[in-house]
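These notes open a run of structures that come right after.
Presented sequentially are two complexes of subunit A, the first with subunit B as partner and the second with subunit C.
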Partner chain A sequence: MARGGAALYRAWWVPFLWVGPAIVAVAVWGIFPFVNTVLLSFTDAKPLGGGGAFVGLDNYARLLDDPDFWLATKNSVLYAVFAVPLLVLLPLILAQLVFKKIPGIGFFRSAFYTPVLASMVAVGLVWQNLLSDQGPINTALGKLHLIDDAVPFLSDSTLILASAIALTVWKGLGWYMIFYLAALANVPRDLYEAAELDGAGPVRRFIHITIPGVRLTMMLIGILSGIGSLRVFTEIYVLGGATGGPGGQARTLPFYIRDAALDPIAGNAGYGAAISVALFAMTCVLALLAHKFGSKED
Partner chain B sequence: MSRRTIRVLAGIAAAGITLTACGVGGGSDSDDTETQQRAGSCELSEEATSDEPVTGEVAGEITFQTTALKQDFSPYFETVIAEFEEMHPDVTVNWQDDPGDASFTQRLVTDAQSCQLPDVVNLNQITAYALYRENFLLDLDVKAPEIGDAFIPSVWDSLVMPGIDSHYVLPWYWGLTGIQTFNTALMERAGLDPSTPPTTIDEQFDAAAQIAETSGGEFFAFSANPMWRLPSDWQLMNVEITNEDETEFTFADDPAALHWTERMAELYQAGALPADTISSSDDPTTLYSQGRIVWGSTNASSLRFVQESNAEVYAATGVASLLSERGHAFQDGQLIAVPSTSDNPAAALAFAEYLLSPEKQSEFISDERISNFPSTEESLSIPKLTEITGDDALAQANRLSVELAQNAENAFIYAWSDAVNSAIIGEIQLAMQGDKSPQEALDAAQDKANDILSQG
Partner chain C sequence: MRVAARLRGYGRPRELVVRYVVLTLVLALMVGPLLWQLLSSLKGDGEAIFGDAAGLIPREPTLEAYQTVFDQAPMARYMLNSLIMCALTVTSQVIFPTLAGYMMSRQGWRGRKAVYAVLIVSMIFPFESIMVSLFMMVRDAGLVDNLIGVWLPGAIAAVNVLIMRATFDAVPDEVEDAALLDGANEWQRFTKIYLPASVGAMMVVIINSFIAAWDDFLWPFIVLRSENLFTLTLGLSRMAESSLGYDVRIVMAGSVISIAPILILFIVLQRWFYKGVAEGAVK
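Entry: the complex of A and B
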């Protein structure tokens, strides 16, 4: 088939002109910071004023002996382990519930999406109030005689982490629900009708038709929510305070990067960069796992 | 391209985004011999680096940055700028306002890294110290030798950086630490006499223990998070926090620091302090306004918030000094600096001088919404500070503050950076929760603080 006439007379560099702005943007805001971070991790650079002498693998050696780094790593991994499955499954169930075209369903779709629009700091403060010792949740549990003393949601490091995970999941539900609504629209309806004729109930239809039908979306959400979980900072900051919970016991890796690298007086940008590279490695592992999971479908 | 390849590329790209988003900046290498000609990676002008005062023409465009003042004080600053531009027709002042939140210092550091600092900038002491150490601020004793003449001598003299006698910042409005605000109604409910409030930290802890016994968990003494009490409590108790030149922390060896930590742990475990505030960043003023704690902020300016948010608590508020063993209040304030990276240092210095002139400060501080002090001697005699009438909490606090201001001292610890603060506070929190003994926590806090200090 003959190509369009105009294309024949375009200079060879014209396509590069179209993608040029995107390439520049990626280079400036993606590739340069990436390479800079890796290079910084081999220096003792400070947040201000340079002084970035080459220190070889010292920063990485320090990581191995740094208990605060391992605690933050454990917290970040736990965060992902608990948040990702919830963020993959719950929005799917939610999407399934609001997918049906019945009167008034638009209200529920909007309601579930509303938390996505609010700032994390704002909803974090609301949750902080809900979870305080004299807040509605502890008050309700007390009135139901389920507890004698307030549940220490905001003073126990494990519970701060759990509360932060719950906050992340709650806020992310509406966002990932949208992904699933789009995916569900592409699952052929006749499959459901055929399964129903064969006597499959709602649960079997969900397991054998819906889940395989949105499997690639599940993988995408797994990667996105995994990356999001590894980058959690605000939830911990709002619920656990500037120290990241008592004694910094609820700090995640991004929180620890802030503490180690960004203090203008005593920060060590080189060490912070090394922690960033470690976080990058964890993210790669997560992406590869998701890829392996998705490959089974091929 | 196969779906498989796309997935691999997408995964790598996503991971790359994570790294770049979590990446941290850093300045470029600098040669020691060029230190004075550079600030970070920024080339400095001859005008900024010479040993001569700035005498150039007051002209050009300058940027002036305030901190969290635009919302309430726009008309004042617009007038100041218009007056200055009228006096100096060749100068254009662009005003910007930073919200002054927790990322303030990091934002300014980022500006410094990219040589984009404002020409005249409103900052706090820790940020000023960070910029000074990397040569980002003009040496005012060299560049504008007479600029400090109008300031209150004790304030001006105390604003030198550790280990040197030179001035790199100008004092602006400032507040006091050394007063206590307390809810007299809650005190009475706890069986305490509000007419004889504690005069030392230890007495306050005694009263807090009594509150734990009598309040039944309905109210508490003060916020549990030690971040609201350190380092000022230790300073009031004369704890030897660092050595003289602030190169090493020494508090773990001081029995007063151990005593303080032991008592905080006892109070927390006895229920004198709200358990859910152990690491909370909530300002104690909020808790105080809600009637949850007996003692509010040590800063008189917080009373305005109490007045606006809970009239009942405000009416029950008592005010007294709490100077403990130290016997002096501390002053801590907002500063103005002129960065060495300014393209128009003459205009920047002239504007800073005009902004901080006795006339302008008198106007600014006279605003009823401001509960701070001016930094010039002449402005201290404005009617608002010398003719305080009324007997409500704010009036009492203002009268007391004026009295304490006469011999207040700047006791800022430059070594107590944000990272040091987090490390020390974190260990104290563990001691309060019983996860470590007070001495173990202090030792660990000191080790961490010195480790952080050694990296600076």
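Entry: the complex of A and C
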């Protein structure tokens, strides 16, 4: 029990030499900005200076009447509604597929992980070309006579969102697969053998053994991918262009915060801060929902 | 039949064949886009990329597109800027979280609980919900359009302190007790015992910070204005929007350049990458 005990004669200020830089940095760049965001949201501060007068709850009142805000909120919520179930389920299937150590499995695992490593901009540009009107996906669909005209993946705001969700999911699969691989290793093997002896097929084993066995990991991934969905910016920027789809129709909340707050000419940081507070509130709601959902199942 | 005999241990042959078929289909889905990107970037000027005439494999593979990227866009400059960002971030993310993580794993000093609380609270706020405020802070510091302004807010992350602390926690007390008997002071114990024991975790922190800095887009996009300061992701997206973007080969070459270094790192240091995911999950 010698671990750092009082017997080590450490002056009271010595520990702060060690933790000081880190603690100051996370307080200044991790906590203060949120307090500052809340304060900003009661002002009309401009991103490049000027403004900053107290305007009370004006920004929040404006928020409630702003169709662009509600559109961005809708887009972000829809994003989570579709991306979360896909990111909870598909990586589990993927993990199940690569769990068994058969020859060459290391190669497959690594290959499935590759999209995780690439920057969203780089893979987004690839997808943008794959999905363009004359791109290979439309060409293939045309060759199969499934479509007469190109599917406007990148010019219809709903399809931009759908394409962006597909991109998010594709890029996230490998990441969450690793979470599940770790979780699967903790599911007792003999449960499977017993079930197999009882005549349970692969689907039933999956539902009755695998899913309960990795439930906590599913919860964790649900929360992480939900928060991730509310943070989406780059997918929309690369696939839908700098405007965020035609007329900004595919903008997510972070995208709208960028536009509303930080545009050098028309930006209003105070208003953007109010949207930021709303975004944070949504993150909290999501985490609380997941928490409630998770504890109920126990 | 030795192969068949060896494979017998992996389950029924038919099941095994089905498994490989499914694996290959998923592989096509996961790696296909990246392969298309690589092959398109190797096509020559006269070769079709789109439409019925386009083949997947370039008929006469050439590095022309790569030549053009470096000639017509400041690609080397973008890469240099990204490398500067990575160097700064990796350095600060290794040094300070290691020091802090060590002291957080020591018991019995006043203020430890409060420091821990600050670390945890700092991880609650998603970047996107504080980026307006971060921009104002960077602006007030006069660091807009400056690489230091890109680096500073992400220079030290609480999660890395926690990762390092977990590693130091795992060092058995007996090792330290022995060093204490030898009369080693705290700094000596830290450098001789704890640092060597934490090399693995440091690798994880290095890799995570490097990739985060290399791949980041939104924050550099907000802070940087001048093209000669653009990081690779920023330069790439700007290039795709410019007239160079009309040539898909060039855009694909650019994105290969962005992905390749990370991929090489991954191949060389694979085991640390997976370890990183597990450590990150602690968060």
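Please note the rule applied: the second predicted complex is superposed on the first by the 270 of 298 C-alpha atoms of A that agree within 3 Å, B and C clash if a C-alpha of one lies under 4 Å from a C-alpha of the other, contacts with A are read in each partner's own complex, and residues count from 1 in each chain.
Keep this in mind: contacts are C-beta pairs under 8 Å (C-beta built on N, C-alpha and C of every residue); 3 or more make two chains touch, one makes a residue touch a chain.
From a predicted model like this one, the values you see are computed outputs, not experimental measurements.
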{"item": "Fit or clash between subunit C and subunit B when superposed on subunit A", "value": "clash"}
{"item": "Per-residue contact with subunit A, leading partner among subunit C and subunit B", "value": "C"}
{"item": "Which superposed partner A:L92 touches (first subunit B, second subunit C, both, neither)", "value": "neither"}
{"item": "Which superposed partner A:T283 touches (first subunit B, second subunit C, both, neither)", "value": "both"}
{"item": "Partner chain(s) touched by A:A53 [first = subunit B, second = subunit C, both, neither]", "value": "first"}
{"item": "Which of subunit B and subunit C A:V19 touches, first, second, both or neither", "value": "second"}
{"item": "Which superposed partner A:P115 touches (first subunit B, second subunit C, both, neither)", "value": "second"}
{"item": "Partner chain in contact with A:A273 - subunit B first, subunit C second, else both or neither", "value": "both"}
{"item": "Contacts of A:L230 with subunit B and subunit C, given as first, second, both or neither", "value": "both"}
{"item": "First (subunit B), second (subunit C), both or neither touched by A:P33", "value": "both"}
{"item": "First (subunit B), second (subunit C), both or neither touched by A:G240", "value": "first"}
{"item": "Single subunit B stretch clashing with subunit C - from 45-53, 81-89 or 99-107", "value": "99-107"}
{"item": "Shared contact residues on subunit A - subunit B and subunit C", "value": "29-30, 33-34, 36-37, 40, 45, 47-49, 128, 132, 134, 227, 230-231, 237-238, 241-242, 253-254, 257, 261-262, 269, 272-273, 276-277, 279-280, 283"}
{"item": "Contact set on subunit C toward subunit A in their complex", "value": "7, 10-11, 16, 19-20, 22-23, 26-27, 29-31, 33-34, 36-37, 40, 49-52, 54, 96-97, 99-100, 102-112, 115, 118-119, 121-137, 139, 152-158, 161, 173, 176-177, 180, 186, 211, 214-218, 222, 232-234, 236-237, 240-241, 248, 251-252, 254-255, 258-259, 262-263, 266-267, 270, 273-274, 277-278, 281"}
{"item": "Touch list for subunit A against partner subunit B, complex", "value": "29-30, 33-34, 36-37, 40, 43, 45-53, 128, 131-134, 150, 152-155, 160, 219, 223-224, 227, 230-231, 237-238, 240-248, 253-254, 257, 259-270, 272-273, 276-277, 279-280, 283-284, 286-288, 290-291, 294-295, 298"}
{"item": "Contacting residues of subunit B [partner subunit A, same complex]", "value": "3-4, 7-8, 10-12, 14-30, 39-41, 102, 105-106, 109, 112-113, 126-127, 129-131, 133-136, 225, 227, 274-282, 292, 414-415, 417-420, 422, 425-427, 429-430, 432-433, 435, 452-453, 455-456"}
{"item": "Residues of subunit A touching subunit C in the complex", "value": "1-6, 8, 10, 12, 14-16, 18-19, 21-23, 25-27, 29-34, 36-37, 40, 45, 47-49, 94, 97-98, 100-103, 108, 110-115, 117-123, 125-130, 132, 134-136, 139, 143, 170, 173-175, 178-179, 182, 220, 227, 230-231, 233-234, 237-238, 241-242, 253-254, 257-258, 261-262, 269, 272-273, 276-277, 279-280, 283"}
